[in-house]
Amino acid sequence: MTSKNTAEFNWDEQRLERTGIQEAVYCLHKSAGQIADILAYHQQQQSSTLLTRLSAAKVEQLPNHLSAALDFNSSGQIAIFNAEFNQYPQQQSDKDICIVTAGTSDMSLAYEAQVTLAFHGYKAQIISDVGVAGLHRLLNRIDDIRQYKLVIGIAGMEGALFSVLAGLIKSPLIAVPSSVGYGVSAGGDSALSSALASCSPGIVTVNIDNAFGAAVAAIKMISAFTHSAQNS
Amino acid sequence: MTSKNTAEFNWDEQRLERTGIQEAVYCLHKSAGQIADILAYHQQQQSSTLLTRLSAAKVEQLPNHLSAALDFNSSGQIAIFNAEFNQYPQQQSDKDICIVTAGTSDMSLAYEAQVTLAFHGYKAQIISDVGVAGLHRLLNRIDDIRQYKLVIGIAGMEGALFSVLAGLIKSPLIAVPSSVGYGVSAGGDSALSSALASCSPGIVTVNIDNAFGAAVAAIKMISAFTHSAQNS
Amino acid sequence: MTSKNTAEFNWDEQRLERTGIQEAVYCLHKSAGQIADILAYHQQQQSSTLLTRLSAAKVEQLPNHLSAALDFNSSGQIAIFNAEFNQYPQQQSDKDICIVTAGTSDMSLAYEAQVTLAFHGYKAQIISDVGVAGLHRLLNRIDDIRQYKLVIGIAGMEGALFSVLAGLIKSPLIAVPSSVGYGVSAGGDSALSSALASCSPGIVTVNIDNAFGAAVAAIKMISAFTHSAQNS
Amino acid sequence: MTSKNTAEFNWDEQRLERTGIQEAVYCLHKSAGQIADILAYHQQQQSSTLLTRLSAAKVEQLPNHLSAALDFNSSGQIAIFNAEFNQYPQQQSDKDICIVTAGTSDMSLAYEAQVTLAFHGYKAQIISDVGVAGLHRLLNRIDDIRQYKLVIGIAGMEGALFSVLAGLIKSPLIAVPSSVGYGVSAGGDSALSSALASCSPGIVTVNIDNAFGAAVAAIKMISAFTHSAQNS
Amino acid sequence: MTSKNTAEFNWDEQRLERTGIQEAVYCLHKSAGQIADILAYHQQQQSSTLLTRLSAAKVEQLPNHLSAALDFNSSGQIAIFNAEFNQYPQQQSDKDICIVTAGTSDMSLAYEAQVTLAFHGYKAQIISDVGVAGLHRLLNRIDDIRQYKLVIGIAGMEGALFSVLAGLIKSPLIAVPSSVGYGVSAGGDSALSSALASCSPGIVTVNIDNAFGAAVAAIKMISAFTHSAQNS
Amino acid sequence: MTSKNTAEFNWDEQRLERTGIQEAVYCLHKSAGQIADILAYHQQQQSSTLLTRLSAAKVEQLPNHLSAALDFNSSGQIAIFNAEFNQYPQQQSDKDICIVTAGTSDMSLAYEAQVTLAFHGYKAQIISDVGVAGLHRLLNRIDDIRQYKLVIGIAGMEGALFSVLAGLIKSPLIAVPSSVGYGVSAGGDSALSSALASCSPGIVTVNIDNAFGAAVAAIKMISAFTHSAQNS
Amino acid sequence: MTSKNTAEFNWDEQRLERTGIQEAVYCLHKSAGQIADILAYHQQQQSSTLLTRLSAAKVEQLPNHLSAALDFNSSGQIAIFNAEFNQYPQQQSDKDICIVTAGTSDMSLAYEAQVTLAFHGYKAQIISDVGVAGLHRLLNRIDDIRQYKLVIGIAGMEGALFSVLAGLIKSPLIAVPSSVGYGVSAGGDSALSSALASCSPGIVTVNIDNAFGAAVAAIKMISAFTHSAQNS
Amino acid sequence: MTSKNTAEFNWDEQRLERTGIQEAVYCLHKSAGQIADILAYHQQQQSSTLLTRLSAAKVEQLPNHLSAALDFNSSGQIAIFNAEFNQYPQQQSDKDICIVTAGTSDMSLAYEAQVTLAFHGYKAQIISDVGVAGLHRLLNRIDDIRQYKLVIGIAGMEGALFSVLAGLIKSPLIAVPSSVGYGVSAGGDSALSSALASCSPGIVTVNIDNAFGAAVAAIKMISAFTHSAQNS
């Protein structure tokens, strides 16, 4: 009655040219079959692509000839397909971006950001478990963090790290509220509202658990100010 | 058809004996007429009482012979009636309780707590405007704060002060989330959830803007451990 | 592409000295691997540590040489690792802290509090299933409860126990709203708001299901008033 | 362009016959002009009607010949128009319905319920300010309350009164959550969820501040079981 | 470290005498072990008890000698233990209570109410699937429904049944919002707010999915008006 | 420092051609000055325009030469400017659109819809106060309503009208939830969720109080099917 | 004790005649047993019916003689039973309805709409993956979309597609917010509020994930304006 | 009893050095008296300061010698005090920052951002009223917008502008959700969630109505990448 004659996806070929960032495959609500269709397209195009929110269970359901070309970070639920065809130039600086996490439970998001940056040619340092319950842990590392032009902060629960960190550095801070918590902080709402309502001006925020988005924003910021051919 | 033959209030005479704290008059949803009835009762009983959430507008509507006996703190919207009859003993220690505020906008709550404590015989020091956006302001005062056995913290917006402060002191911290904020922090929900979800264990919380409740809890804590005749 | 060269955790060695309470391992959002890394660190340090929100499933995934050193309370989802190295002194008093629960369903939180207190050297009595639907159950035990300097109350559903209990005792009451309920009380929001909005002044609250936090707050209160060397 | 040729109201003449209760005029969102139109209709019909949520400001805007026929309770914001034409029989029993309030601030709702009942021929006793913060106030009156076949309970803030009261009486309890409160209980949500989530089975609830609805439900309950000609 | 020396439950023996309804066992948040302890107590007491929110999975985990004495309705997730010892008198009337459901998906709640009523000696008729999308289904049955003194209405989704039904009958209507729905009505909030906000006065409500509570309220209403020895 | 050199508005000249509906002036968040600037533009263009959410207070603040050209419906808070230049053809049919309201309080939205339709050349009949609490009022008018090709339903509180009405007619129903209500229905959320969650399939909804949007949608529906030159 | 003597469903035979759309079977909250009972009824009646929200797991639990007559679309979780008895006439036009999706993840809802339309005799074209992140994808197809009299738009996450699309076409747009998203857009609330709050007037909305409802509304719109015998 | 011996504010002198941005005075919850105290301090220090959320009413309450030194933008509710002492260097580039608004109602936030930038030495262009309901308005200006290194987007209601704009430019986009809207978009929640949940990666967000914060973040971004002496 309803034949599947419709192509279910419609790859945004010009996104790289238009926005500086190529389309990634957001896997959370896609079936393994839909993901496979998209990877087959990239196989054919001999292009590399990034896959986010990819569960190990779905990786196992992919055909072998596709999963073999995946470089999969299971903690970060992120993968690079056809890395060999990746055409982004490797950036030389290793002092552009620093990723700071409040707790061990935030590491999966740190990896999501780090892999996203790596795919686009950027190195990033992770400084982990410096939540403000033990303030000295952050203060011990603050001079390191100050070396970087841009900081991605990741915190769940009450998200107090964002305000303290932003008050101590000149660099812009991109907050990634994480869904780590329970009770009133279940799902990440407390951390998100802390990032938005911070008494430290100049924090910008992305959606809960959206480390990918924070990495993309970081790349757009760096590109905007360091490349001459802006938006043209 | 419905004659006002009902006495509208029913004073809890034994509350002091039962809980260590006598009943106070919460004025927010009471009419000036209802407040006047209660004050007249205390006038007749020659007893002193505390009034919270009392607006200047309602004070003006009270009969002169009642308002004359009011010691009113307009910023804290709190008053003491018949102070001369107050029978609480003055505590000697001035290192029991410290009130710490994140910003200038939280001062009205600091006064509400301070007057409540004073009514019950306790002195309290206010250390104000030490929010974490400028962390050194807090660090500069932390040794002072550490002198106190108990800390009442007041903060609105994202409430990051609670976590940082609790991580730096041994004393218990009673958090008072304030309704200072806008957007996602309007009404105080962000500060409340930060207090509840804090990564620093050992914070306890009261309702948004309930500085009176924090002061009462502080008194109950001090009494529990310093008086011999506990609960009897 | 992203080698796991980052140490994922950063133990807060000075927390005991700074706040009187050593860091505990919150397991809810940590993988079994991350937990094992932390336990191995304590194995090597010959130190004892407390683990909260630890599921039986994760215990089973731990290496045998680590799980063998765990004293696990499955109902309370809480464990003590390397109890033999625990250096907290045993407190003598058994009338400091009482844990009161509204219903049988709240027992797991009662155990979480009790084990946390035991780890820090405090005995605590549990008085269970005295919810206000059958008020005499509470009234029958109220004289017992009044013997204690501090009360931890645990209740889900509508949390009416908090107000009634606080109105009957001089001791401070730390409320632990539990996530027991369904419909409007699913997740514990009703019990939490009852604790916060109580008509009985002097209740302080922790996050939903945070019995660990209530126990830590109780310890900080007792320490503040019974040890001479406060905060120094 | 749009002539006001539409009659804006459409009186439900048969509601009394169909449901046992005649239509009342809910004034909160009606303009004084719309209210006047409805009263003029009743003036012409020589019928009596009940008006709820009627502000003093709107009463003043009504034409004199209409407001003269109003019996207005300003605290309860409720009025009876054309009382002389009221045809409900006066019930003899004065032990049918008791109205119990937690605090003085709930009296306006108590009057709303009492006037509604009076309009329909029922007497009701108000027992006020027996909130559970001072439990003895309730226990002192509980034998009185037990004399009534049906109880309407009114409470704001955390609404703990509902659970305690329902656990002490055999009569059905209709809970009226009031919008008395601030912070998390602002607007009455805490009291409403306490009524719904109560651990005492058998409580039924109406909307926040809907004392009128509680009174109507009480009348339907009494009628259902005491009149022979049920629903026919 | 923490021996299980605490009796975890505390049966409310006098609830029947005090409120007219004996305590039931709410199983949702209890473990099979806790339920078994309670049933063993009733086994020993030779008393009958009602169990609500009991899953088939937990029934299977009970010891055989206990489960053998269970009369389990799996759709309604409700059971009667030791029915032979039930001492409630069988009521003669079969026109007291009618249970009306909006859709087939609401039948499990209808059974929960029906079994609860049966345990207490009341027969109840179920009239099912008369939601207002096909209004004639309700109108066809309305004369039947009008025969009953009290109606329990069960509806999910938008809960429009409550308003329509209450506008057509003289009997009181107890609304049970069900958690049937998705999107904005997931969890039952839409149906609950429809019951509370109804334009038809006189509806009373219980918590989402609380058919047990509706049945208990119904019994209390009938008892209040039909038994002479009220509350004594 | 910041001269007001920026033109603050940017009239969408092609909206009529592109969507069939010309831009209207939404006044709720605009200052009287901003509205005056826009009207001056239309004065100059000799074009007619519709203004929605326009308060009487702002009308009074407009310059006389502009307010003189306003045809203002104060109940509906809607106005037509320069009606003489209106170029929409008058539709002949008076059986296209019917506006049905649940209560008198919904009339202001009915006028907002009716004036919007009139501005675009459509007549609409208002059938008011037929809420389902008195079902016969709706059933008495249902044959009239069935004469219309499209129905706009307006209801606040619990919004049960939408489901009942949609179940009785073949025409599409556009629901306008109104913000009439209090407690859980304050602001219109209950009515909105009833429209969305209805058990009667085929209802479509607009935002709370958006009678203008409902009217525009109605016009687009009629145009789509009755004009030959669709979208071209 | 409670024999299952109640017929659990009550088929709305006249719904087709009354509303133009026959009743469908909403399976989400029905057990496989309840679904089988309904299909057996249609088997006996030799009638065709539509089943929505039908999981593959429930299909497998149906008796073979019933499942054999199901035409099941697993992606759309929708099925047609007894297609051979379907009596809806096939509509000739293939330019009536277009279904537009923002992303690949929205395809299951597109199939739900398409099958619903097919059951009622309408063909619909799906134009997929034209979300506004790559605006040219939508602009490339906009002339195609403009050929259709009515557009069903499906989008999750922030739902920006609805506003952009409505601003570019004359046809009415029925928005179906999908539950595709995470963090603040988990469950579809963001997309729903975007549809409701759109700055493009004339969008109408259905519940989150209610593609069935959108299809039914579309059919009612087409029928209203293209059939002569409206509502009679 | 409580003398006002406490200095209520505690100016963060080192914030400029530490974060690159000096402290501003957030006036929303401060009294005119508190603001005057702070201005007097700056008067004395001969320093310039920025004041946000400053109402005209409070300006009028300030002493003349202070208000005379205010440069007040009433639409943006923002002021510069002692502009003559401002020591920020004027930036030469006028292609750094572009402010884009969806509607006329968003202009007050545009001014708040523009004045904040001006205070810090940055020029910014406002491109207003280019909301996506009339997409061509945005497309007509997109080449202009592409000239800027960084874009601040301001939109209320459903906030669709953010996604469309981010998909068309390489520059980073800072979203400012505005509280323009009603019904589900009242208060700005819809626009905020659209910014957070956008399908266009790389958008970063600030709190509702926080144009000041967006401007500060923009300055930190530009500074991070264009000044050599980063964070030192």
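Each chain gets a letter, A, B, C, D, E, F, G and H, in the order it is written, and its residues are counted from 1.
In this text, a residue touches a chain if its C-beta (ideal position, glycine included) is under 8 Å from a C-beta of that chain, and two chains touch if they have at least 3 such contacts.
Computed from a predicted model, the values in this text were never measured in an experiment.
*Asks:* Taking each chain's centre as the mean of its CA atoms, which one is farthest from the centre of subunit C?
*Replies:* F
*Asks:* Starting from the mean Cα coordinates of subunit A and subunit H, work out the distance between those two points in Å.
*Replies:* 27
*Asks:* Using mean C-alpha positions as chain centres, tell me how far subunit B is from subunit E in Å, no decimals.
*Replies:* Whole-Å distance between the two chain centres: 44.
*Asks:* Between subunit B and subunit D, what is the separation of their C-alpha centroids in Å?
*Replies:* Each chain reduced to its C-alpha mean, subunit B and subunit D end up 35 Å apart.
*Asks:* Listing for subunit F: what residues touch at least two other chains?
*Replies:* 15, 18, 133-134, 166-168, 181, 183-185, 192, 196-197, 200-201, 207-208, 210
*Asks:* Among the chains present, which pairs are found to touch?
*Replies:* A-B, A-C, A-G, A-H, B-C, B-D, B-H, C-D, C-E, D-E, D-F, E-F, E-G, F-G, F-H, G-H
*Asks:* Report the residues of subunit C in contact with subunit B in the complex, numbered from low to high.
*Replies:* Of all residues in subunit C, those touching subunit B are 15, 18-21, 24, 146-150, 166-172, 174, 192, 196-197, 200-208, 210, 212-214, 216-217, 219-226, 230-232.
*Asks:* Given the complex with subunit H, which residues does subunit B contribute to the contact?
*Replies:* Touching subunit H from subunit B are residues 71, 73, 75-76, 80, 83, 103-105, 107, 110-111, 114-115, 118, 126, 128-130, 133-134, 136-137, 156, 180-186.
*Asks:* Which subunit A residues qualify as touching subunit G in the complex?
*Replies:* Where subunit A meets subunit G, its residues are 1-2, 6-10, 12, 14-15, 18, 23, 26, 28-31, 34, 38, 53, 177, 179, 187-188, 192, 207-210.
*Asks:* Under the touch definition given earlier, write down the residues of subunit A that touch subunit B in their complex.
*Replies:* Listed in rising order, the residues of subunit A that touch subunit B are 102-103, 131-135, 157-160, 162-164, 166-168, 181, 183-185, 189-190, 192-201.
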